[in-house]
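Here is the structure we will look at, set down as structure tokens.
So that you can tell them apart, the chains are marked A, B and C in the order they are listed, and the count of residues begins at 1 in each.
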Amino acid sequence: MLADFNFRVILEYLPLFLTGLRSTFLISIVSIGLAIATGIIACACRISGIRLIKYPAIAYIEIVRSTPLLVQIYFLYFGLPTLGIRVPEIQTGILALMLNSGAYIAEIIRAGINSVEPGQIEAGVSSGLNYIQRMRFIILPQALGVTVPPLLGQAIVLVKDSALLSLISVAELTRAGQTLTSERFMPSEAFFTVAFFYMCIYFCLKALADWSQRKLIFREAY
Amino acid sequence: MENIIEFKNVNKWFGKLHVLKDINLQIPKGEILVICGPSGSGKSTLIRCINRLEDIQKGEIIVNKIPVHDKSASLTRLRADIGFVFQQFHLYPHMTVLQNIMLAPVQVKKMDKAKAETIAMEKLDRVGLAEKSGAYPAQLSGGQQQRVAIARGLAMSPEIMLFDEPTSALDPEMIGEVLDVMVNLVSEGMTMCVVTHEMGFAKKVAHRVLFMDEGKIIETGTPSDFFDHPKTDRAASFISMILTH
Amino acid sequence: MMAFYFSRLVEIFPFFLKGLWMTSKVAFISLVTCTLLGFILGIFRSGKNKIVKRVIGFYVAFVRGTPFVVQVFIIFFILPEWGMQLKAFPAALLAMGIMGSAFICEIVAGGISSISKGQWEAAAASGLNLVQQLRWVILPQAMKVILPPLVGQYVLLIKDTSVVSVIGVMELTRVGWVTVVRIPEGLMVFSLVGALYFVISYPLILLSNYLEQKMAV
């Protein structure tokens, strides 16, 4: 089966794959950045005592976590035009990835904040720090370290999730594979090449995540 | 008397570290042997080789006529006849005391539950904890946990009991209760190998004391000979160290 | 206009229920298979045989390193090239099985490795063989660590069934996709689809949270 593997066609389509890879990169970087911002805001609302912002945040997080990303993508893709909003597919896709990962990141940050032991807050209170100061100087510096490995894990998930944008015709990596399949009908060449590029991204991010995890353990040992 | 455990030129390495060097040792049936030595001397490794928790690379170990060094040896049969007590107890936290003791008789010996329970209660009574049969390990003190672990070791009615520093992880006030239980076992005629620094225990019940250092057996002798008139400098400095400790 | 579409949607609601039934079928069958296979693989992954560990490790890395939709394409388009004709439904189950087992394998291996070496030794020292050690001593304790992420993984797997819509399995997402072509009310159609997923997933999310809290004690 691998004997008839046609490397020529891969070479021929390499520019297409590389353009796709670049889009996947850009989409992922922009989306993860926006998702982190979304996550921070959602988490802040989620842990605040104000009901008016707390409950919408809970609803957002829980709805996103209980429905498939593909449904969320279709919801925006088919839904935005009915609201009269017409944007390019790629923006719809980034919006979907941002909203989706944002909810997971909100929970990651919340877990990080919860991991700071109550004694730390008490120590802050007793030295007269107010809420903002406690967050800024005591809670967040400690919570942030804990959140780095799962955040990188979420980045891995997001890169893979971005493959679903191919289904709304965004020209990213998986789409390049679909194009090759439909033009030449060579699915093996197409999708194993696609898989190879994803694996490369995965191993880089995984190495980074493992490294940050080790750093964390190292820090905790003291 | 016939030897129940025999080491012939046993060598063991952990990677590059040579932990047992040409060990030759005969343990006759019914002997109470105390093994001591500084940490890292290989004494724990030595008794862990007897039921093959550790593999050896060179030499022979014969236990109860079973060649333990042989890869094809039936470990189940071998281990069923040897009770082992760990420094850290290693009771099963998800089981009650009674279940801890009954597990091996029911699973390995295929004993029926009622009979296993009778035996388990009997052993538990021997270590003085019959009233704790329904408790979980986490609800017991360290000393009680170790006594349960001894009962668990006894449940298979073994011919050999191995103790790997059974009192080292205990608070000082709990050491006595565990040693008392062990002293009581002596009358049963079992072969016992005990890695310990408890001189009082050794003097009271041991037939022979074995001193190890750097993977070698440095000297052996009766407890009174060894503790009062050590032959080597290393043994002498070790004894003075545990006395001042 | 919206009211009109809404009444149309109510009319074809049974169509959605059929989709939900298909989603449940795919999810249920793959959850059961993945759990079984995942446990077996996870146990071997935490075993001593280095070659077996390597092979499983490679498989897990491939599954974790590539998007599920790409895996679905590989199975659906490439197996026929190798002479294996698969209809959409069995192809979907195969893809789900391969993907889910890898994730569950990692969860199980993680749970097993969280149990101290002393527990294995204590069980071995009393004469239990490897299977008995696992069955009576290691797995019951490891389950505490395994269960919360396992249920969390179930939620992810249920949601991932939506991806098999791309090869034409008439499950919930596919039903939405087909409907939206005829009833161009994207928000309405996919809110309904989302709500139906929510009904299955959310209770499991709550269960996962509950287990996490309970096991942490």
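One rule holds for everything that comes next: contacts are C-beta pairs under 8 Å (C-beta built on N, C-alpha and C of every residue); 3 or more make two chains touch, one makes a residue touch a chain.
None of these values were measured; they are calculated from a predicted model.
Every chain gets a centre from its CA atoms, and the centre nearest the mean of all protein CA atoms is that of C.
The greatest centre-to-centre gap from chain A, using C-alpha centroids, is found for B.
Chain A and chain C have centres, each the mean of its CA atoms, that are 20 Å apart. Chain B and chain C have Cα centroids lying 47 Å from one another. Chain A and chain B have CA centres that are 54 Å apart.
Touching chain C in their complex are the following residues of chain B: 51, 53, 75-80, 82-84, 86, 88, 90-94, 103-104, 107-108, 152-153, 155-156. Taken together, the chain C residues at the contact with chain B in this complex read 116, 118-119, 121-129, 132, 136-137, 140-141. Every residue of chain A that touches chain C in the complex is listed here, in rising order: 1, 62-63, 65-72, 74-75, 77-83, 156, 160-164, 166-167, 174, 177-178, 181, 187-188, 191-192, 194-195, 198-199, 202-203, 206. The touching residues of chain C, counted against chain A in their complex, run 61-62, 64-71, 73-74, 77-78, 81-82, 155, 159-163, 165-166, 172-173, 176-177, 180, 184-187, 189-191, 193-194, 197-198, 201-202, 205.
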